[in-house]
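Each chain carries a letter (A, B, C and D) given by its place in the written order, and its residues are counted from 1.
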Amino acid sequence: MITFENVGMRYGMGAEILQDVSFTLEKGSFHFLVGPSGAGKTTLLKLLYLAHRPSRGLVDFFGKDLSSLGRDDLPRLRRRIGVVFQDFRLFDHLTAFENVALPLRIKGATKKQVQDHVEELLAWVGLEERLHAKPATLSGGEKQRVAIARAVINKPDLLVADEPTGNVDPEMSQRLMHLFVELNKLGTTTVVATHDENLVSAIGAPVFSLDKGQLSVRPDRGQS
Amino acid sequence: MITFENVGMRYGMGAEILQDVSFTLEKGSFHFLVGPSGAGKTTLLKLLYLAHRPSRGLVDFFGKDLSSLGRDDLPRLRRRIGVVFQDFRLFDHLTAFENVALPLRIKGATKKQVQDHVEELLAWVGLEERLHAKPATLSGGEKQRVAIARAVINKPDLLVADEPTGNVDPEMSQRLMHLFVELNKLGTTTVVATHDENLVSAIGAPVFSLDKGQLSVRPDRGQS
Amino acid sequence: MWGRTLQFLPKSKDREGLLPWVIGVMLFLCALAIASAAAIGTGIESWSRDLASNITVQVVVADATERQAQTDAALTLLRATPGVQSATVLASSEVMALVSPWLGDLPIDANLPVPALIDVALDGVTPVNTTALSERLAIAAPGAQLDDHQAWLSQILDLAAVVQIVLISVVGMVVLSTVAIVIFGCRAGLATHAEPIAIMHLMGAEDSMICRAFDLRYLAHGIKGGLVGIAFALLTLWLISRMATELGEGLVSAFAPSTDFSAWLLLMPVFAALLTMATARITVRRALKEMM
Amino acid sequence: MWGRTLQFLPKSKDREGLLPWVIGVMLFLCALAIASAAAIGTGIESWSRDLASNITVQVVVADATERQAQTDAALTLLRATPGVQSATVLASSEVMALVSPWLGDLPIDANLPVPALIDVALDGVTPVNTTALSERLAIAAPGAQLDDHQAWLSQILDLAAVVQIVLISVVGMVVLSTVAIVIFGCRAGLATHAEPIAIMHLMGAEDSMICRAFDLRYLAHGIKGGLVGIAFALLTLWLISRMATELGEGLVSAFAPSTDFSAWLLLMPVFAALLTMATARITVRRALKEMM
């Protein structure tokens, strides 16, 4: 569904953060992305959620060459992608409910749909009592769960999660990964960047490993 | 050195987040603080780094009753405390170097002292090449390391770290914990809130466990 | 439907709170400056009308024959002057009528040697240089004098013209700096919204959807500021003019906001609002265009 | 040492960029309003001096005896009027001297029945109501007329006084709204600095250390805005007055920034700067006091 070929990426005039990255994400696949801090994981994910264009190389997105797509084609693609940002990036002035509702609202869902979906999902991530709290009054883990809920509320075709369990306890972490796996089973292609070895071994999905901008692939270790 | 007795804490008119919390931190001790997301860990740490007054209960700080201390006495105490915030709270417009230098500058250190100390410490956390980068251009783990460097640059009497390794790989995580342990050996009383079971078992220090605002103590499991 | 209700911006109080006020103050300035320039314009117009219509020349010579000779010389000169439509000598009864307010109801001695008065009608098109004219008159008819009240009026007219030029430059300056400050203030306000814009963009909101939220917001700022500014300006002008009406003094009463002028002033908040909105839209669009 | 160099605030460009300009515009307004009020004040003063010093009464009666009788009656009335210092009849030679500019160098007939002129000196303290006075004169001496130029002047003086009151209210309004906008703008700017303040506070910086960073910053904003505003105001006033000097017209030339007045105007940026600084300091202190 998504193919990167010899992709390179640099910020401004700096050195290349990613070098000759090539991989393919099949529809409905699940991948982890690991690597030391500063290796370029977030940078790679930014390319996946269409926040940056690569400096060089070919990217094929949902069957289309990225370089052939104009600005106006991108919003439609972006609405098929859910993102959990490493630093959450919630709207500070909106409640947890409103934050999670936004992707639905952008798609133009009805009030009723919004109400039901959002409440159900926030209950699932254990925030039924904090529906109308602003991010500033949420704990770190609670913010992270709101960010995750916002990313998956749309049942996206591609889910990109950057360190989605760094601020929650192992139990909640498993619960959230379960959510991702369920979504994945429904067809959502998933990429999760993480430092949590426990998580990687628990799921056993194939692992992309980044180091100093070079990508290598560790295959599936069974299970999944 | 620090004693909490039947401390309760609520935000505004809300429910009590902490209830009847009592413990003592001996000088030079090392404690972990664990508990599910939303249990009140950050809230307890806020009391420790003097960001809030407890709603009730007695707090003894460096031998003085907190309620007997006026506003003017607190800055001196705060300068003896180093804090790693869960969400880093770096100054966005200052470079990594300047962020780490601030506590020294507040204390009134000379230019030379600042230069040497800051560069050495940033090199230790592996950021010698990102000295003059602004937080917006740092990766999640790099930001976290800057936050840690800023907390320890002063060799504080009390170090309070909230989830200090949530965004770094296990290797860097060990390296940072090593830094904490070294400081602790030099006399810094340390409290680290974390979800990382590996970390807790690796160090083996006594563990405060919070659940729904109730604190229980799990003693040292040897080693240390 | 969501186009209307998609509210992803924080309440504006903290961030752009100053903008409507700044717009208000700038419009107040604009309106006052334009009103002053317009008032001076009206004054100049009415004075010019006075001046353009006719001037008076008096020939003050004791001897009747000599007076008649100089009057004829002056008439010849005046009729040859470009811009002069006609020059007529007033009958002495008319002259006496002019003098009588001064003498009251004294019986008038028919032998009283009154000066000859020449009424000069101007065509109102060609400007007449009164200073040059009076110099030439002094040569042709030494006893002839241009009425110096009108010479003085012509001088004040020159001054008024200069003041009007100054005022028009002030108006220009004020309008320009209003535009500059609105643009500047708008962009400063938008700088604090960079993050919501970026997040909406990454969630797949179309540029137009993001812009719409700002359009309405800044349109409201502009209208609010514009109305406040214009309200204060109209109030001030009305107060000044009310005080002036009693006297009917030309220059001051011209400050009265005429219906026409008020209508124009009321267009200013609309202009300010559209300017604010356009600036917001361009700034947001530019920020969005810089994103992929 | 660090007191001076501890720079923990972001560059102000994005955040408080508007503040100096707003201060500038408000000061420009203030200065122009105060200058106008002062100019009208000067005008009123000089007109009042004219008016207060003396008025003229003419007794226009053809019959010499009757004229003398009415003149005496008028004199008695005038001398009894409060505010009148003295009333003297002008000798007929003096009256002739006043009439001659109109008659030119015509030989004056000694039998010409000229009106009697009474020069009334006022004490300049008690205000004299010229309308009431002329009504009473009409009863006592039907041939007596108060010079109506002066009556008109007294009317314009009333108007000027009212306009001045309006202008002084405008000045008050402008000064108040300047203060309000400075305070408001300052606090809006500071709202965006809540986070740096909180972090510095938690790192153990004393309140005074945090305040100092804002003091200098906002002092600079205030001075910058103040200087810009005053510079524009002085330039405008100077331009207007330069145009006016040639004519020497009282009201307009009063706009000339006198040395005294300029000195006062130059105090305004200082005032603005101190106001800005004080607002910043109070706002930051209050924010800090709300923290533990």
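Keep this in mind: a residue touches a chain if its C-beta (ideal position, glycine included) is under 8 Å from a C-beta of that chain, and two chains touch if they have at least 3 such contacts.
Computed from a prediction, not measured in an experiment: that's the story for all the values here.
Q: State which chains count as neighbours of subunit B and simultaneously of subunit C.
A: Where subunit B and subunit C share a partner, that partner set is A, D.
Q: Hey, which chain ends up farthest from subunit A, C-alpha centres compared?
A: Most remote chain from subunit A, centroid-wise, comes out as D.
Q: For subunit A and subunit D, what's the span in angstrom between their mean Cα positions?
A: From the centre of subunit A to the centre of subunit D is 68 Å.
Q: Centroid of subunit A to centroid of subunit B, CA atoms only: how many Å?
A: From the centre of subunit A to the centre of subunit B is 30 Å.
Q: How many Å are there between the centre of subunit B and the centre of subunit D, using C-alpha atoms for each centre?
A: 63
Q: Counting only Cα atoms for the centres, state how far subunit C is from subunit D in Å.
A: Centres of subunit C and subunit D (C-alpha means) sit 22 Å apart.
Q: Viewed as a graph of touching chains, is the assembly arranged as a line, ring, star, complete set, or other?
A: ring
Q: Provide the full list of chain pairs in touch.
A: A-B, A-C, B-D, C-D
Q: In their complex, what parts of subunit B are in touch with subunit A?
A: Subunit B residues touching subunit A: 11, 34-38, 41-42, 86-87, 126, 137, 139-142, 144-145, 162-163, 166-173, 195, 197-198.
Q: For subunit A, which residues count as touching subunit C in their complex?
A: By the definition above, subunit A touches subunit C via 49-53, 71, 74-81, 83, 89, 91-94, 102-103, 105-106, 108.
Q: Would you pull the subunit D residues touching subunit C in the complex into a rising list?
A: Residues 14-15, 17-19, 21-22, 25-26, 28-29, 58, 60-62, 99, 102-107, 109, 111-115, 143, 145, 155-156, 159, 162-163, 166, 170, 173, 177, 181, 184-185, 188, 191-192, 232, 236, 239-240, 243-244, 246-247, 249, 252 of subunit D touch subunit C in their complex.
Q: What residues of subunit C sit close enough to touch subunit A in their complex?
A: Where subunit C meets subunit A, its residues are 1-2, 5-6, 8-11, 195-196, 199-207, 209, 289, 291-292.
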